Structures are given as structure tokens and as C-alpha cells.
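Naming follows writing order (A, B, C and D), and every chain is counted from residue 1.
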Amino acid sequence: MRYIDIRSDTVTQPTQEMREAMFKAEVGDDVYDEDPTMKKLEKYAAEVVGKEDALFVPSGTFGNQLSIFTHCERGNEVILDDSCHIVVHEVGAASVIAGVQLRTINSDKEVMAPQDIKNRIRKGEDDLHFPSTGLICLENAHSNGRVVSLENMKEISETAHEKGIPVHLDGARVFNAATYLNVDPKEITQYCDSVMFCLSKGLCAPVGSLLAGSKDFIQKAKKKRKLMGGGLRQAGFLAAAGLIALEKMRFRLKEDHENARYLGERLNEIPEISVNLDDIHINMVFFRINKDINFREMVSFFLEKGIKINPPENGELRFVTNYWVSKKDVDYIVETMKEYLKK
Amino acid sequence: MRYIDIRSDTVTQPTQEMREAMFKAEVGDDVYDEDPTMKKLEKYAAEVVGKEDALFVPSGTFGNQLSIFTHCERGNEVILDDSCHIVVHEVGAASVIAGVQLRTINSDKEVMAPQDIKNRIRKGEDDLHFPSTGLICLENAHSNGRVVSLENMKEISETAHEKGIPVHLDGARVFNAATYLNVDPKEITQYCDSVMFCLSKGLCAPVGSLLAGSKDFIQKAKKKRKLMGGGLRQAGFLAAAGLIALEKMRFRLKEDHENARYLGERLNEIPEISVNLDDIHINMVFFRINKDINFREMVSFFLEKGIKINPPENGELRFVTNYWVSKKDVDYIVETMKEYLKK
Amino acid sequence: MRYIDIRSDTVTQPTQEMREAMFKAEVGDDVYDEDPTMKKLEKYAAEVVGKEDALFVPSGTFGNQLSIFTHCERGNEVILDDSCHIVVHEVGAASVIAGVQLRTINSDKEVMAPQDIKNRIRKGEDDLHFPSTGLICLENAHSNGRVVSLENMKEISETAHEKGIPVHLDGARVFNAATYLNVDPKEITQYCDSVMFCLSKGLCAPVGSLLAGSKDFIQKAKKKRKLMGGGLRQAGFLAAAGLIALEKMRFRLKEDHENARYLGERLNEIPEISVNLDDIHINMVFFRINKDINFREMVSFFLEKGIKINPPENGELRFVTNYWVSKKDVDYIVETMKEYLKK
Amino acid sequence: MRYIDIRSDTVTQPTQEMREAMFKAEVGDDVYDEDPTMKKLEKYAAEVVGKEDALFVPSGTFGNQLSIFTHCERGNEVILDDSCHIVVHEVGAASVIAGVQLRTINSDKEVMAPQDIKNRIRKGEDDLHFPSTGLICLENAHSNGRVVSLENMKEISETAHEKGIPVHLDGARVFNAATYLNVDPKEITQYCDSVMFCLSKGLCAPVGSLLAGSKDFIQKAKKKRKLMGGGLRQAGFLAAAGLIALEKMRFRLKEDHENARYLGERLNEIPEISVNLDDIHINMVFFRINKDINFREMVSFFLEKGIKINPPENGELRFVTNYWVSKKDVDYIVETMKEYLKK
């Protein structure tokens, strides 16, 4: 049975073209720096985001944590939004691996005010009691489904660099952000010193993310990647799929965004449902159902109809479109929702 | 020359009585558990805050960090106010020693809303992406000079305990809080599982703080105190002064509070000065001068007049009263301020 | 050009059968626990080493470090041989990720004497100054090319378990050890509480290792794997190749061992070369050349002849046989060596 | 009742002169850098060991760990003897606070062979798999009671410095070493970049140790001391006693050594006792009793006679002389031993 899976874009299966590329991939021992396909991927990835060099890592969490570990000294303070992925969904790793102190900001719709950041920046040499701010982390697109403006990124970047503090971008969905802003990804990544982005979400590759930055940064990160157990051997298979993700799939994300908007608007027509249409920037639709629902039952109902959905978090449901979800599928999802609510 | 020192209550000199007690102190090797004066202090300290046991530590920072280290597993999340001492003034130690992730809350006047805490509590078993909340830290009196209400502490304590999470109180100035609330310290400390309080601030002892909690907690903490280098030898000298701090000095803090209020009111009469009188709960007066001031020059001017003050932080000046500052000294401070502003 | 690569068994290319299995692999999101091929691999892997459960990890280093991180509390002591992979080749990771103190033993041929281990085991409750021994790590086959006896493992295991201390086996090449000892791998792994073994070395899979242990241990490890950034998405591709590695390739290692012995004996016939034949237990040949050699030149010479070799470490060369190195290749390697030495 | 306490030199009570100096000590807030007595102590301490600067710390463990934390980056390797205090008696702190990997050497009588150290030094830039050696730690006098020769220290120091690696000396009893070698302490400390020495052992001060090194090193250490909770307030009381320890008491250690030797020789005359006389370099006598002894009973017997002794470790007893143990006391100890063995 074919399922329509709208739980996340991480569930995306690779395309047939990816499978073929993997089948034929030329591979070597990447710990020996001898995997030609991986080298090609890393080179191209660096170009795409306008950085000197890039490094393959097994996951987005790995890339973010490796970046913090490489930028910071232990005991440094890292300023970031209280709801970002690094704070909420990475198991507290920054306190274990990099050993840094997170200094979180509560911000409206997760857009940090540059002034709030400025107020929190500290230099250890100023006061015996202060840790030094070692890094500022941004996330764009944010996992709340919204895209942060270039202006906001620019201002934060300038604030940081004035104080000599680097900026890392959690760009797990940076190509969704670029698509929404209708700009080259480099327009976004120019405001960060390092960026992590994922091949495995909307881009459909099976496994892997990239960390990009300066030559020096990536060289240091490479050693720490080994320490963290991320030195892979014949990784060219994953790179082969990743190349297609980067060379082709990132250019079709607009379709997912249009489907998400269409899904949001159609759901919003249902009386019991309120969709925050303003928040549909990328491929995510967040909404509430104003009715008493047994969500366990609802998830089962959808599953029987061939649709995989997640239960709500804090009362809010999230449907995510991707390559494998067509406009026709969206119609079917909406019909299924109507049917369920009529029950 | 005798100085009036109102920079902080940490500058307090010990009393003559303390010096005499130290001179005559019976001491032993406290690592061997053989210092009789230390034993007496720890026993009495535990009683004062209503806990099973207590442990001497070299400083307030040491006590707070030891508590976090003892309560938490590495990688746990600790919920606390964004402006509290542990976040702002302990050099990022929690990320180094305990290895925990701080999860800070921005709160009005540093009084955390129980609901904000509730929203942030997480249980690692619920989601593969979540660290577990290991501890909630309160601070009372807060270093903003205000005392948190018993109601607030009670509510937070209940919220925490419902989820099986311990509460630590940074009670560096817990006796100032008790004095302000006009309650026995135990009324405050009943809402925490562990409490750190300082002997060396308003209580005038030269060195040291205490960490109190359950027998089991203190036993574990004792080992970790050794690890952190806090196992002292003939520490009974410090304990001798500490006993006087606890047995006598804590009962006279009302005087410091009255002097602070008097100082605040008198300063507020000066046209250029605005004192936030509502915030004078304990021995601290925060105020602003609405005039262009060369603060370096101002600090020098006061010093020449025999008064030690600190320059402002974020535009705000803080004057702190203590045992060595009389009401007459307050008058002199106010006159000096008037004189300076007239220049 | 086809190269004979005898630098390591990590350089092994996957077989055509592996490529085909990857091409057809049924995959799902493994973070959601929905990758059927990965589930099959982990289930089979657990069976092979006689443990309740197993977990895929991106590398051997990842698996060893995850195991230490899961078994130990921070600050624990880990007893292990001074020359083992965890000490020498994992970038000091145990001090960063698990935060443990390594307590190394110098042993003859890297076979730790049970009595030496016994002498170093410590219980923190016995003395305020002592950390607690949290884990004992063995390595079999050792990267010195030798296999440790079952008797030695048994004795160490008993010593450890008497004191309630778990044993982890770095079994990167555990199937080489089983092949040498001519026993089922379970005969070896019965003496450890957890074992890590690699798919990507002699077994020819492109990427990945497995960590196996009790159900409870693996459940805890799964969360910590996420923390370390090892939660992969459609990892079934790697699992598909891994299944062939485990189901087929591990049964042919004898061939590599025979080729290694043949290589060792033939090299030893060359007057300038002394091979320690006693140490050829698996697929590794260590030898010295009693002649003044420019090793850079030598490596180039071999490369031109189509053979990849590493320069010596501490004067010792290591040639490693694998699936892609035939007996005929061995003859060619030996002839090339003779040719080089004649120059 | 007055006890003769020969369990350790940590149990030493301060002298009457120290009590008087403490009574009259001029003190200030040392976190504000305003304690005149502390400043005097730190200045003098630096001079005594020939370093640019020195810093007071609450204990020897604190000083050693602070030194490792200041010298090393997290993940560095530290080379040191397997039986030294840092490995055996500091609760595994180096893995928690500095987060370094200990690389221990088994050496004859705890004198590390320079060649053994050389073999273990690693530079991370040489190999992706290697951590970098960040520090070499020596201990002199060693807690085995022996003094390491200047020649050995010189050779190790040169080996380290050739590779750009600093050397830390755990000089808890460095003045005992200087006394034994009959040299100025600077003759010993010239071979290390930092040295920790204790005021509270043979020197009789109640609490505290010093860490000395370059100006830059001490400045960094000062911040990290704050992080570790070692910023004390009116610490001048401890400094006052410490000054007497350094100015006077260190010059009388010869007496303790002579008493130890006398004790060793007299004990060795007892048939059942074998003292390793060669190992009596300082104030420690190690010996075995060749008779079946109930050590609990023996400790009680001695206690009743007014002598405090420890039970044996690994079959070996240790008696330690100090300022409060006279030659006459030694005679009494020996008589008591004879009496006990006759029973």
C-alpha cells in the first residue's frame, strides 16, 4: 500500500534517480580522503552556499553540534532562540559535546531582536564573573515553518561581527528559505560564518547533512568529526544521492510550498479548523481543530485511509508537504479531514 | 583611614568577636571528618534551614555549582531565571562542572511564573529528542535586591515536585529574605530540596558558604566537593567565624534593611536622582542619576571622601548597606552625593 | 587502473551483490523506527553476537564511544590496555563525550593480565579520594593483529563481574577473532556485556558498525546516539549492504587470514625482511626491513606498480589482506618488494 | 588528651604564632583583589618558587586541577605516572573539570623514564586519530615518600619543551623535596612551567595551597578559579598563617625527615618489621609487619595509647612525622609497637 506521509519531510524516500546514482557510485575510503563522489559533493556544497569548504556529516544534529564544538571553547556562552532546534530537539547535546552554556532568548515568532542579542553578548575579559559569548546561532527556515528576513539576519550578523563573534546558521531547510525569499542561497548564507544544511528532508536524499565554512574552520571540524565518530568509510553512496538532492531537488521546493499553501487554504475552509495562513512560508501547515478530538483515533482513521499524520503538539497539528505529496494528494487529505470531522 | 564601603556586602570585614573565636577555635582535619568546630557549624546550619545535613563550601558559586553537579546527570536541563546569579555571575560553570543545559526564563522582576516553568519541564523518556529537566533553581533574595514571595516559591515547588524534579535555592542572601518576609528561614527553605547560603556577605564571616539538603544528597555532595577541590583541612577557623555569623549576625539584618530604605529615600529627595523605592526589599539601593556624569571621576570623588562605590551597570548604580555602615554614615553618603552633584 | 590496496581493510569496496541489495533496499525513516531493512539488520546482528538487541552506528569509534557513554557516569574510571584503539586512535573522545578517566595498563602483546585489572578496580564508596571503575574495555582481535584467548577474556570478565563492573568489547574485527579461534562469535561475546563490531572492514560493507547488548542498554544507547548526532534517516541502504556483510562475508575471512600468512611467509624469505610470523593471527602482517629505506620513495614505487601501501609506524610496516586481494596478488606484492629491494 | 598523630602531615595543627597572625591579619575582599595579606602571600610564594606570579587555592587537588584546566584544551592528553596523586587521589577530577585524557605510565618507583614520555607525546596535527598531548605532570616529592632527582626532572622538562608541551609539578611537598636534595626550591621548580604546593601539610598552615607560574598563566587561572568556586572573600586570615608556613616552617622540615629516618631505623630493629629504609627520603616511613595482624585492633590499641595511625594500604603501613611529633614521641611510638607485637 502506498501511504501519503505528511508527518515530516524527513520521511522522504529517495527518488529512483538517486537509487541509480548510488548503484553506480564511485567510492573510496573517505577517512583517507579518497572518496571521489564525496569530494565532488563537498566541493559543490561549499559553492552552493558560498563558503570555502564543506564537510559531510551523518545528520543535522551532528552538523549543528560539530559546529558549536568547533567554534567555541568549553564554557563559552551561545546565544540563540529559546525554541530553536538546537535547544529543543538535540537532546541537550551542546552541554555534553561542546560543553557550552546556552543563553536563550524568547522572541516573537522566533525572530530574535538584534538588540536582545546585543544585550546578552559578553566578553570574559570585562568581568571575572562572565563567560565569553562564543557563538550566535540562527535558524532559517525555522522549524516553526517561518522564514526569517534577510534584514534581520544582516543586523544580527553585524552585531555579532562587531564584537568578533561568529554566527552559525542551522539551515536544515535553508533551500526552503531561499525558495520562499526567492533568492540564491548565498544571499542568506552570506550572513553566517558556518551553515549546516540537510540533504535528507525536502531534498529526498536518504542520509546526511553538510557543514560549510572557511577552510580553516572545516579543517578543525574534520578532526572533531572523527572524535564524534562521524568519520565514514565508503560514504560516496550517500554522496551520490546527495549530489542529486543539491543539483536538482533543491530547485523544485516551490512546488511543495505551493501545495502547502493550497493545503492550508483548503483546510481553513473547513469550519472547525483554523489555519494560521500567515505562517505558511515553506512546506509546513500548522492548524488547530476547534472541536473535541480523540487524536489517537484520528491518527488511526487517517492511517486506514492511507495517510500518515502525527498527533498534535501543544494542541497544534502540523502537516508537511514534500516531493511525494501531489496536489491531488492534498485534495484527498482535505476530503479525508472533512470525512473525519463529520463522523 | 576608615572607608565606608557600599560596593557590596561581600566586602564586610569580620567582627572582633569573630577574630577572637577564630583565635581560640578547636580545629582538626576536616577531610578526615575530625574538625569539631566545622561539625558544629554544619549541624547548626542544617537546623537553621530545616534540612537533614549541611556541608561547608569555600564560596557561594562553589555551593551552587556543587548542588547542580549533585542533583543532575550530565546533559540534563536546568530551568532558571535569565538574570539569576548562576546564569550571569558564575562564569558559565554549569556547562563545565555539571555539564548541564541551562534553560532560562525571562521574567518580570526576575519572578518566574510557575506556568512558564511548567511549559519548559521535559521528560527525556517522552521524546528521543528531549533532554530531561534535572533541576529548577530559584534565587531568594534575588541579586536585583528583591525578595520573592512564599506563594511563588510554593507554587514552583509544587509544580516541580509533581514531575519529580528537585528544587535548589540560591539563598546567598536567604536571611535577608527571611528578615524582609519576617519569617523563620525554614518557611522559605521548606520549598527547596537544597539550599546554598553565604556566611561572608551581610553576616560578616570572612569566607564560606553552606550547602544543605537531605542526608543522602549531602553525602554525595561531599564526594563531589572533594573532586572540585573543596576538601579543606583545618577549616574550623572559618567555621568559628561562621558560627557567630549564623548564631548572631543573621538576626541584625533588619538594621541594614532600614538603613538601605533610609538611604534610598534620602537619595530620592535629590532632584537628579530617581530611586526605585519599591525594589528596596533588603540592603540594596538601585538608582539612576538623570544627569551627564563622568562616573570614573565620581568614583574617585567619593573615594577621596572615604566612600567606596562601584560605577553603574547598564546605567544603574547600586549602593549596599551592611554591618559596618551606620545611619550616620548614610547621612554622610547622601551629603557627599549632593556635594558631588552640585559641582 | 585497478590497485591492490593493502593499507588497511577499511579501504574495502563493497561487492556487486551489496550494490544490488542497496539498489533494491526497502527503506524508511529510522529515527521514526520505520526502516525495515535496518530493523532486520539490527535483529540479525544481535543474534549473531548473542545479545538481546543491537543498534546501528556510523562508525567503530562512534560505537565504542557510545558504549562508554552509556555504561559510565561522568568521572568514572575505565580500565583498558594502553595500546588499544580507544586510547590510541579515537582522538581522546572518551574524555569529551563520556567524560571518563582512562586508566591504562601496559601489557605484554596487549593481553591484559587479570591481576593487573583487579589491582586497578576501585569503588568510590571505599574512599573519598577514589573515582569508581565504571567499565573495562577489551579489544579482540587487537589492532596489533593478534587474537586474545577465550581464557583471558573469561578471567577478566569474571574479575569484572565479581565487582559488578560491565565489560565492553571493541570487536571491530571480532569475526576475524572468531575465525582464528575457530569458534562461533558468541563464544567470544559471551564474556562481554556490550560489543561493537564493524561492517566496513574485512566484511566489505561501505559504512557502519553495530553496538549490541541488553535491551535496556540499547534503549539507553539509542537516546545517546541521537545526542551524538547518529540518528540517521533512510539508513536501510547501509543496512542492506551490512546484511550481506554479516550473512555472507564474515564466513570467508579465513581466506584473508591464509593470504596474510602466505604473504608473511613469503616476505620473510627475503633476507632484508623480518616478519614476526607468530603475530599473524588474522589478516595483518607486521614486518621490518633491515636496510636503510627512503619510505616515501618506496610508497611511490609500489604505487606505480599498482600497489597501495602505508609508510611504517615506529619502524614497522603493516600489510593487510582483504576480499579484494587474491593469492596471486600476494605473489605480485612479494615480487614487487623483491624488485624494490634490489634497486 | 594530646594525641601523637602520624597518619599524615595533613593533620598538622597550626602553631600558636599562626593563630596570632590570623588574629591580627589585615584582610580585604580578595575577589576585588583587595586583601593585603593575600597579596603579600602570593607575591612571596611566587618568589620562593621562582615564578612570575602565584594564586591561592583552597586545596592541593584544587591547585592541580586548576593547573590542568588552565594549561589544556578539552580532549588533550596528559602524560603522568600511574601512581601519582592526580590519578589516584583526586576522584577522577581531570576527566570532569579539564575534560582531558590521562595517559599513564607505569614506572619503577614512580620515576618516569624520559623515553617513556617521549614515546607517548602526540601532536594532533600529525594524525586525524590523535589527540594532542597538552601537559606532562610530575610529582616531587612523590606520595610514595621518595624524591625524584633533578636530573630526571631536567630530562623530562627538556623532552617536553622540545615539543612545546608545558610541565606541571604537583609539589604538594616540594619543600620536603628541596630539603632532601639540599637545594633551593627554585632548583626544582626551574624544570616546570607551573607548580602547586601546599601550606597545610608539613608546613602546618590550616588551609590552602598555591599555584605558581607565568603572569599570563596565573591571570587565566584566576578566572578559572572563580569558575571552580575558589574565589574567596576575606581570605587574608588563611594567608596570614600561610606566610608563616612559607617564611619559617619550610626551613625546619629537616627535623621531620631526621625523625622519620630515626623512626624507620628503630622500627626496622623490631624482628617482625621490615622497613624499606631506602625509601625514607622525607617524612614518611613505609613498612610491613611480617605477622598476622588484626589491623582494626592494632589501630585501636595505638589510639588507646594516644597514637593515631592508619590501617595499611595493600599490606603496607605508613607513619608520617611532622612538627608536632618529637624525637621522644618517636621513641614512644616504637615502644608502643613493640608492646603491641608482644601481645
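Assume contacts are C-beta pairs under 8 Å (C-beta built on N, C-alpha and C of every residue); 3 or more make two chains touch, one makes a residue touch a chain.
Worth saying up front: this structure is predicted, and the values here are computed from it rather than measured.
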Any chain that touches subunit C and subunit B: A, D
Could you work out which chain's C-alpha centre is the most distant one from the centre of subunit C? B
Return the chain pair with more inter-chain C-beta contacts, choosing between B-D and A-B. B-D
Can you work out the whole-Å distance between the CA centroids of subunit A and subunit C? 34
Please report how many Å separate the Cα centroid of subunit A from that of subunit D, as a whole number. 53
Quick one: subunit B and subunit D, Cα centre-to-centre, how many Å? 34
Taking the mean of the CA coordinates per chain, how far is subunit A from subunit B in Å? 42
Which subunit B residues sit where two or more other chains touch them? 31, 74-75, 90-93, 96, 99, 124, 128-129, 223, 226-227, 231
Contact residues on subunit D for subunit A in the complex? 31, 73-75, 99, 124, 128-129, 222-223, 226-227, 231
Can you name the residues of subunit A that touch subunit B in the complex? 74-77, 82, 87-96, 99-106, 124, 128-131
Given the complex, residues on subunit A that touch subunit C span 7-8, 10-14, 19-20, 22-23, 27-29, 31-32, 34, 57-59, 61-63, 65-66, 90-93, 96-97, 200, 206-207, 223-224, 226-238
